[in-house]
Amino acid sequence: MNITLAQAEKAIAAAKEKAIAIDTKMNIAVVDSGANLVAFGRMDGAWLGSTDIAIKKAETARYFDMNSGSIGELSQPGGSLFNIEHSNNGLITFPGGIPIKNKQDEIIGAIGVSGSSVENDHTVAEAGASAI
Amino acid sequence: MNITLAQAEKAIAAAKEKAIAIDTKMNIAVVDSGANLVAFGRMDGAWLGSTDIAIKKAETARYFDMNSGSIGELSQPGGSLFNIEHSNNGLITFPGGIPIKNKQDEIIGAIGVSGSSVENDHTVAEAGASAI
Amino acid sequence: MNITLAQAEKAIAAAKEKAIAIDTKMNIAVVDSGANLVAFGRMDGAWLGSTDIAIKKAETARYFDMNSGSIGELSQPGGSLFNIEHSNNGLITFPGGIPIKNKQDEIIGAIGVSGSSVENDHTVAEAGASAI
Amino acid sequence: MNITLAQAEKAIAAAKEKAIAIDTKMNIAVVDSGANLVAFGRMDGAWLGSTDIAIKKAETARYFDMNSGSIGELSQPGGSLFNIEHSNNGLITFPGGIPIKNKQDEIIGAIGVSGSSVENDHTVAEAGASAI
């Protein structure tokens, strides 16, 4: 089970719509079940540095099949996964990465969003993930 | 002058249409005038390894404001640019990367396509670039 | 809107002047609106390790259109952007990186300075940025 | 014996003057005797991809204390240094990199130029190197 390009584009379109609704400019990435990039879009004027962050959030969410922010809770100093960000050529472990599931509740990919506060990033990612 | 996301999505849509017309499955990347990724799409079943190649072809075309294949003609053994591919964290210098110009003939970005023969890659890239 | 080499050299000259005035030896880098290097100078006797730091500070400031130190305030343990430094092949998030704006208040690039205390780095960067 | 920033800036100014005289747009880098970057300038409109190439040419010239093109003659298929470009995070071994010497004929650094044909790159590098 793997996300299709059509599904990924639908997720990005929904995420963009939400980004506009909350007046933000986002980088939005979708990876498949193999954690490989399927689709990406950077809204006009969005931060250049958020391209890599959006992709890494999506990868992180699929690498561990949970929201990127959940990893971040465990990677703090003293935490059980301290500095896990050094693996996989760099993880991003704050909110904005969410697994994407199909109707059978199987994980078929993940979405990563970056460009505003982490709360906004997560909100926009959720809009994208829930469009599938 | 910089390509917009709407323009980049239009280029990818045109490239996809051409890819389907010639029965291929492509990875398609668009970068802006600063050689930063704007949009990307991997068609279902397209080679995973071509994601990075498509992005690097687009970067290469913008890095030197010419088709990626033009660099490759000069980078052969004995050529004036032998092994230029070692620069910029890896160039891809065979066909499939083309600069994108606006109506004033200014370069506003570049498209890179990978997933089939280099002839097909170039054909699909051209369909994308000429849609702007 | 993009910074010119003449403007970048003017920024570096102003930064050097300030560096001498406060008796420091600095690495000074200027990137354009695409976060690509435009000009660089390392003052005699300045730290070798600060070359890469100065460039990364300038990139970081343009990647997120804010002072590099503002990112660092959010990337501390427990902060919303903890370990963001793992993105983009390495960010530097302490002070010394500042966006450069034109008279229309558009961001046309950024300056990064490294070689002394972060307070001095920031002071010198500001002298450079405000010379444009 | 090490090149100063003032000398490096003089070399870049002389190189720029030559670049303008032969109607080219160049990236110009100067490294010191430790092969570390001292100064850099990218002329307006010069190729983005040539920034890294100019720096690598300067490094290559100082790494081996000879013109970058001399390495390239030995790194061809069948040559004694075949694919030496894989070392040092990437060498550039075609012309445009030249050691810089002081009046006592000691090597104090190197200059690397990229942005046109390798013949033009070498010509501009020579103008820079001989200004010291």
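What to note about this one:
The first chain written gets the first letter, and so on, giving A, B, C and D; residue counts start at 1 in each chain.
Here is the rule we go by: contacts are C-beta pairs under 8 Å (C-beta built on N, C-alpha and C of every residue); 3 or more make two chains touch, one makes a residue touch a chain.
Since the structure is predicted, the reported quantities are computational estimates derived from the model, not experimental observations.
With centres defined as mean CA coordinates, chain C is found 29 Å away from chain A. Chain A and chain B have CA centres that are 25 Å apart. Separating the CA-averaged centres of chain B and chain C is a span of 31 Å. Computed from the mean C-alpha positions, the centre of chain A lies at a distance of 42 Å from the centre of chain D. Shared interface positions of chain C, defined as residues touching 2 or more other chains, are 34-36.
Taken as a graph of touching chains, this assembly fits none of the simple shapes: it is neither a line, a ring, a star nor a complete graph.
Here the chains touching each other pair up as A-B, A-C, B-C, B-D, C-D. Residues 32-36 of chain B are the ones touching chain C in the complex. Contacts from chain A toward chain B in the complex involve residues 4-5, 8-9, 34, 36-44, 48, 51. On the chain B side of its complex with chain D, the touching residues are 34-35, 59-60, 62-65, 77-78, 80-84, 86-88, 91. The part of chain D that touches chain B in the complex is made up of residues 47-50, 52-53, 56, 72, 75-77, 83, 85-86, 90-94, 117-118.
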